[in-house]
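Next up: the structures, one after another.
What follows is chain A paired twice: with chain B in the first complex and chain C in the second.
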Partner chain A sequence: MAGINETELKVFIDSVTHYFSHLTQESAEVRSAYLNNASIPQLDYTGLISITGQYRGCVYFTTTERCLRKLLRSMRESDLREENLLDAVGEIANTIAGNARRHFGNTLLISVPQTMRGAVDKIGVVVRARPYSIMLSWAGHDAVVIVDIELDS
Partner chain B sequence: MNPVKTSSYLGKYREIVLAVAFFLVFDLAVLGLNFYISFQIAADAVSINLAGRQRMLSQRMTKALLGLQQASSKGLMIDAGLKEVDTTFGLFDATLRSFELGGQVTGGDGKPVMLERVTTTAGHELIRQAKALWEPFKGLLLPLHSGVEYTPQQLDAAVQYAVANNLTLLKLMNNLTTDLEQTAALKADRLRLVQTTGIVLALLNFMFILFKFIRRLRATDRKAEMAQKETTEILDTVKEGLFLLDAEFRFGSQYSASLTSILGNPIIPGSDFRAMLQAMVAPTVYTATIDYINLLFGDRVRENLVQELNPLTAVEVQVPRPHGGVVQRFLTLQFNRVVIDGRISHLLVTVFDVTKQVELEAALVDAKKKVKAEVNILLGLLDVEPATLNYFLNKTEQGLLEINEQLRSVGNTRHDYRQMVAAIFRQIHALKGDAAALGLTMFEELAQQFEATLAVLRDKQELSGDDLISLPLPLDEFFDRIGMVRDLISRLASYHDVLAPEDNPAALSEDLKKLALRIARDHGKEVEVSSNLQLIKQLPSPTREKLKTIAVQLMRNAVVHGIEPVTERIELAKPAAGHISVALKSANEDGDGYDYEFVLRDDGRGLIPRRIRAALVQTARYSQTHLDELSDVQVIMKIFEPGFSTFTKANRDAGHGVGMDVVKEKLQQLGAHLQIVTREDDYTQFSIRFAV
Partner chain C sequence: MRLLVVDDSNIIRSRIARIALYSELSHLKIVGLARNGREAIDICWRHSPDLVTMDLTMPHMDGIDCIERLIDLDATLNILVISALNDKATAIEALKRGARGFLHKPFTDEQLVEALLEIMR
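Here is the complex of A and B:
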């Protein structure tokens, strides 16, 4: 109930789709949105930001290794080592944070992005019983933005 | 007020007033002394002149005598000589007398002048000596003074005396002149001293005044500067808009910095407040405000008594934005009279931006309404039979999970999206119907909102994944509400466990009766209930609870499905009110291992296999062929299957196909044996035998 509205949800999503549209020739599209009531989707690489203030919780972007490799290649980056893939996923999380800062202003305190590879235990359902999952598709690859925040009472 | 002000006014300037008074006193004193001493000096000048004249007279007199003697000896005319002697004698004598005693004498210009007596000791002595010489001389001169008859001897005697003493007399008069001059000089010195002292004192006084005045002026300036600075700081800092308004509705020159942003307009001192107000508020509010301000400028009403009339209290205004457009705000403008010398000079206007406060109040009212509505909704839940509610919650949750799964796994084409939205719409619509039938307004409204969101998507020409972002939100709300209701039920159940009185047969009988009557009323039927449940207190608690659930469901079933409506019963020559009996009996004596037998019997239409078959066909779960293969008993037993109902339309007591499956479940848990005996249009009896 103490959730967010559609506009606020889109703040997080738009930052990712714009990121792909601006940096690559192909735009990322929202495939669908649903509630996570069981397992949280975690693909190969994840970039996460923690949020406190008016809302609390976390927002993260997770995608496949192939997706990140393609992203780097489309940005003419030839170094496809793990550090670079982590940097790429961190950069997307950072973009989410920047957009959120612009929209919410001082009401939100946003952490620096954390990046991780593989199924990391740290990510679990932090706040919401059913975090929002927005599935994205870019160049035939899957990615998910998970928004797990709620109004801080 | 005035006396206080005057007193403080004098107090403030007392030092300066006193200093000025002293200054005037000094000046006047010096002026007085000046007059006095200058008169004295004038008098002294006369004395000096006359003393000088005495010197001259003593010599003229001697010369005249000598001339007279010579003329007499030569036989010449003596008249002029006699006249000179006479004149000098008279003047000298009168002047000498006046020096001694004071008096009027003839001055150098022939006019009378006042001569003051000599006051100094030296002067007295000189006069005494001069008189000692003059008196014998005067005696000798008297015959000459008469001017008629004198002897040459008398003239010789006078001449001899004059020659012998005139130098002494001259010297004495000379000394007198000197003495008088010294006295006059002394007085002049004193005058100078007094003048100098007076002027110095006056100057000091003036300096004091100047010093005090400048110091006070500087202090006042400092205070004024400080006050001005503080006023500026206050006006720059205060969050409220502050300004002064005169009787002609003009802005004052001082106003707080925040005023401009609150009103959204630049403030021009001296400009008309009405013009700004008119653009901001509705005409009626504007007119009322002008009347109110005029009322405040009049002195007929008390300010605090008319405050409630202020039309600008939390008033909605249109405030221009800095970069165009307007923004809606709620402002309160408070007007307070500024009274100076008993007159209302201005109104102090305080502008509060109460937008947040008004919004919060509105939000609070909304929240209260919402909470009240939710409480009512939750209380409404209690009207729904627990098993039915539980079934609804489970079914709804299952449905929502299915919807969520559809969202998760939807294909990536517009066609997929459209199909999915249509499917979700159908599910939610059905859910709304169920909720409405059960009177679950909360879920009905949620479904309604969800439908509205779906309708927007359904009516869109193009559907994309972006559009689906809105769907998890109402879905989540639904899940939340289900959780909330479950939580509430669980809390109520815990209260029930703790607070429920020991089961007593009378209470259970009463509850069953109430339930039967309520359902009968809802369905336009009449019913009587007789019960004998005394043995229930012998049962262990879990068994008791299960039996109660069974009793409730069977009672509900009997009233809804068994008992006919009154008209139907009358047509069947039955009593208008249906009768339901419920009893718990001991079954030990039967020797079949069961301890108790629970019997519920109604005199209704009976369980009719024909109608059950028809209903089963309607569910489309069984084909007619399959049903034809079943015996009547088998068909009757289908009433215990979940989802079965002979009611085509659901309401809160029937039609959901939930209830009899609960009975079946409880029977299984009890390990009970069920027997159903029924006859069409006559009765139905459920007998449940169980062991404890």
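Here is the complex of A and C:
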């Protein structure tokens, strides 16, 4: 996929690192960001945002149940039922994609989040081959941001 | 003063309500937690809030349309937009429709309190 360049990839890296450092005062460490030619990662919970407008594709955030539980506790949320774990992963995906509009502008339209638990076949249909993968750790927990967007010709 | 919280995320609605309850905003009475623009309009009809926190990206009716509808109902309503959409054009559009302020997600507790106090002045 030749949709975005390095500068634009950095927009998403900055967006996800800002999310954790600003909300929790604990920084996320980006381990790598690369064009992914292998299988698309899916951890325990996934939030997916569809992109339309001048761009097309999707952005998704996937992480472990323990990561979401810790994040919710850091927000003093005591209800850690699955409904709220799904809600949290969707909200993170929404914030990462929404914050990217500072760079891309309001012609990058974002959907409401779709949320999933576990590995879902649908992801392989929605995400095209060779998206960008941003691998990160926050508070010892793994998470991945997948960025698959390009200008709509 | 009566506060209505509008956001499609349950954890964000709860968080805003919690911050309002346990901060210098504790004098606010929360009259409703709405998941979209339609629910927000319904609650406004029934409870006449003075203050609204408004998400933008929501199902059924988005925040921009909802702001306009709520201002039609009550032009004195104080609306604070709380959204991840951080481009300038969206903020300007929300303010044109009648919002009084714009707070970007992610936000800290202190930022929310400060933003709400600011638009209540």
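Side notes on the structure shown:
Basically, the second predicted complex is superposed on the first by the 147 of 153 C-alpha atoms of A that agree within 3 Å, B and C clash if a C-alpha of one lies under 4 Å from a C-alpha of the other, contacts with A are read in each partner's own complex, and residues count from 1 in each chain.
Going forward, contacts are C-beta pairs under 8 Å (C-beta built on N, C-alpha and C of every residue); 3 or more make two chains touch, one makes a residue touch a chain.
Every value quoted in this text rests on a predicted model; they were computed, and no experiment measured them.
Aligning the shared chain A places chain B and chain C next to each other free of steric conflict.
Using the contact criterion defined above for the overlaid structures, shared-chain residue A:Val11 touches neither chain B nor chain C, since it reaches no partner.
Of the two partner chains placed around the shared chain by superposition, chain B is the only one that A:Val30 touches, whereas chain C remains out of contact.
A simple residue count on chain A separates chain B from chain C, and the partner touching more is C. Once the two complexes are laid over each other on the shared chain, residue contacts for A:Ile134 go to chain B alone; chain C is not touched. In the superposed pair of complexes, A:Arg102 makes contact with chain C only, with no contact to chain B. Using the contact criterion defined above for the overlaid structures, shared-chain residue A:Leu80 touches neither chain B nor chain C, since it reaches no partner. In the composite built from the two structures, the nearest CA pair linking chain B and chain C is 15 Å apart. In the superposition on chain A, no residue of chain A contacts both chain B and chain C. Across the interface of their complex, chain C is touched by residues 18-19, 22-23, 72, 75-77, 79, 83-84, 87-88, 90-91, 94-99, 101-102, 104-106, 110-112 of chain A. On the side of chain C, the complex with chain A involves touching residues 8-12, 14-15, 18, 57-59, 83-87, 89-90, 104-108.
Considering their complex, residues 401, 404-405, 407-408, 410, 412, 464-466, 468-473, 475-477, 479-480, 483 of chain B touch chain A.
For chain A in complex with chain B, the residues that touch the partner chain are 1, 3, 5-6, 9-10, 13, 29-35, 37, 128-130, 132-135, 137.
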